[in-house]
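Here it is: the structure, laid out below.
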Amino acid sequence: MADKIKIIVLDILKPHKPDIIEFGLLIEKSRGVKCVNMSVYAVDEKTESVKLAIEGPDLDYKKIKKTIEDHGAVIHSIDKAVIGESRIINAPDLK
Amino acid sequence: MADKIKIIVLDILKPHKPDIIEFGLLIEKSRGVKCVNMSVYAVDEKTESVKLAIEGPDLDYKKIKKTIEDHGAVIHSIDKAVIGESRIINAPDLK
Amino acid sequence: MADKIKIIVLDILKPHKPDIIEFGLLIEKSRGVKCVNMSVYAVDEKTESVKLAIEGPDLDYKKIKKTIEDHGAVIHSIDKAVIGESRIINAPDLK
Amino acid sequence: MADKIKIIVLDILKPHKPDIIEFGLLIEKSRGVKCVNMSVYAVDEKTESVKLAIEGPDLDYKKIKKTIEDHGAVIHSIDKAVIGESRIINAPDLK
Amino acid sequence: MADKIKIIVLDILKPHKPDIIEFGLLIEKSRGVKCVNMSVYAVDEKTESVKLAIEGPDLDYKKIKKTIEDHGAVIHSIDKAVIGESRIINAPDLK
Amino acid sequence: MADKIKIIVLDILKPHKPDIIEFGLLIEKSRGVKCVNMSVYAVDEKTESVKLAIEGPDLDYKKIKKTIEDHGAVIHSIDKAVIGESRIINAPDLK
Amino acid sequence: MADKIKIIVLDILKPHKPDIIEFGLLIEKSRGVKCVNMSVYAVDEKTESVKLAIEGPDLDYKKIKKTIEDHGAVIHSIDKAVIGESRIINAPDLK
């Protein structure tokens, strides 16, 4: 189970077509992907900015990247990643 | 179970009639829809803007879109989508 | 269980009498109503504005509306509705 | 179980004596009251403003009101009420 | 179980000595006290302002008050109280 | 179990060396300490300000204080303490 | 189990290559690391600032530090640490 990519959050810029539903279906077909969450946060005339969260037991980032780029979108940044056990680490929040 | 549409959140503009209750009942009749949540966030003289969340094991977006448009409403945008397993992905929120 | 109205949230304007407790008791008597939540958010000399949430396995909106209007109140707007399964749909909230 | 008052939240203005502890004990003695929560939110020279939440399987508002007024306090407003099943109704909060 | 004081939150002003740990130990010794939470929210040259929450199945406020005053502190206000069943009452929060 | 110190939150000023990891390990060795949480909230050229939470079934504050001071740090204030049962007391938060 | 490092949160500055996914995989290979969370919070032309949370039953900070520095990144600060039992300590938050 060690050194596996479990969650990736990407910031992408995509054309309106395919819409986020079709886009999500294409990404969900990648090996190892179990769940895709998409959320549009800015809309322009020809493009939309989308936060894309992907979860699975062993994500293949190269293939996910290729799928995104093959459909006319670009990855602005890799925002977040969870590696190893699929867990959000709680940290002390002392005030 | 793979590549199925589980949750869609739409931003729609609709006339006051049918009201959101009747509107929700019409959408809930679409194949695969199990639950409809509607929330009005802006009201105009003749129209209202509504966030519409739809959940089901295998949503048919084309039919949902047709139902919405057949009752005089337009889809402003597809805001959010969950594809594959029906799960909200937690992402690290480190400060 | 399909196409049933499970939760309605209304924004109403009512005279001070009957008070929200008596008002809630009247609504709770409608067929299919199991629970009524009322919250006053603005008070005027002769009226008060109230958020009214109603839950039940099969709400009859027409009768609820009649009860409200029979006691001197008016419905400003239908704010929210849950149709089908009684569930609040979680949507991705990616930042 | 139908048409019963389960939770009432009142906004009251009271003299400093009896203090909120003694005041709460007096209200808790009313028939049907199981739990009393009190929270002071403003203090003046001779009075204090208090949010008073009362829960029980079958509250008797008239007696509660009498107890409050018999001890020198006035009810500013009935802020909230839960009637029927004792449950806080969740409503869609779509953004 | 009826008419028992379960939770009290006090706002107190105390000298720096005894510190909040020693102070809490003294209060915890009062009959009926099971748990003491203390939180300093303002510090002055000679004094500190402290929120003091006390929980137990049957608190004796008079003795708690005496303990506080016997160690050089004064009670600014009784902020909150829970009487009867030890429960925080949820109230409808409709928006 | 009565009159035991269960949680202490301290505000300390420490030199950069030893770092918070080594510092936490030193404190964790004190009798009765089960868990140490440290969070840096301000950094200066030679010092850093740290919130330090310590939990255990029976904390010995004097020894903890000595350990802190033996490693070049000073205690700004004792911010919070839990005495008796190890529980965060919920208080009514009525609005 | 005593005196073990369970959670570390670091603030690091890294070049864009390797990306946070590859970087996380490298750190996850260190002895004792079970889970890595990474979150980018600022992006510059040549570098990015990242919050890096690492969890494990017995973290070896020296090796983690070496791995980070061997890949061209620098540790700005050690922000948070959990030592002993792996638990976030709740502290009274009285208002």
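Read from first to last, the chains carry the letters A, B, C, D, E, F and G; within each, the first residue is number 1.
Everything that follows uses one rule, which is that a residue touches a chain if its C-beta (ideal position, glycine included) is under 8 Å from a C-beta of that chain, and two chains touch if they have at least 3 such contacts.
Model, not experiment: these values are computed from the prediction.
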**Prompt:** Which chains are in contact with both chain C and chain G?
**Reply:** A, B, E
**Fill in**
In contact with chain D and chain G alike are the chains B, E, F
**Request:** Check B-G, D-F or B-C against C-D and flag the pair whose interface repeats it, over half of the contact pairs matching by residue number.
**Result:** B-C
**Message:** As a multiple of 5 degrees, what angle does the CA superposition of chain B onto its copy chain C give?
**Reply:** 50
**Item:** Gap in Å, rounded to a whole number, between the CA centres of chain G and chain A
**Value:** 22
**Prompt:** Where the CA atoms of chain C average out and where those of chain F average out, how many Å apart are those spots?
**Reply:** 49
**Length of the line joining the C-alpha centres of chain B and chain D, rounded to whole Å** = 39
**Item:** Multi-chain contact sites of chain D, meaning residues that touch two or more partners
**Value:** 9, 37-39, 53, 79-80, 82, 88-89, 91-95
**Request:** Determine the shape of the graph in which chains are vertices and touching pairs are edges (line, ring, star, complete, other).
**Result:** other
**Request:** Could you run through all the chain pairs that touch each other?
**Result:** A-B, A-C, A-F, A-G, B-C, B-D, B-G, C-D, C-E, D-E, D-F, E-F, E-G, F-G
**Fill in**
chain D residues touching chain E in their complex are 7, 9, 19-21, 24-25, 27-29, 33-40, 43, 53-55, 79-80, 82, 88-89, 91, 93
**Request:** Spell out the residues on chain F that touch chain D in their complex, using ranges where they run on.
**Result:** 91-95
**Message:** Help me check something: in the complex, which residues belonging to chain C touch chain E?
**Reply:** 9, 37-39, 41, 51-53
**Complete:** The answer for chain G against chain F in the complex is residues 2-3, 5, 8, 61, 77-95
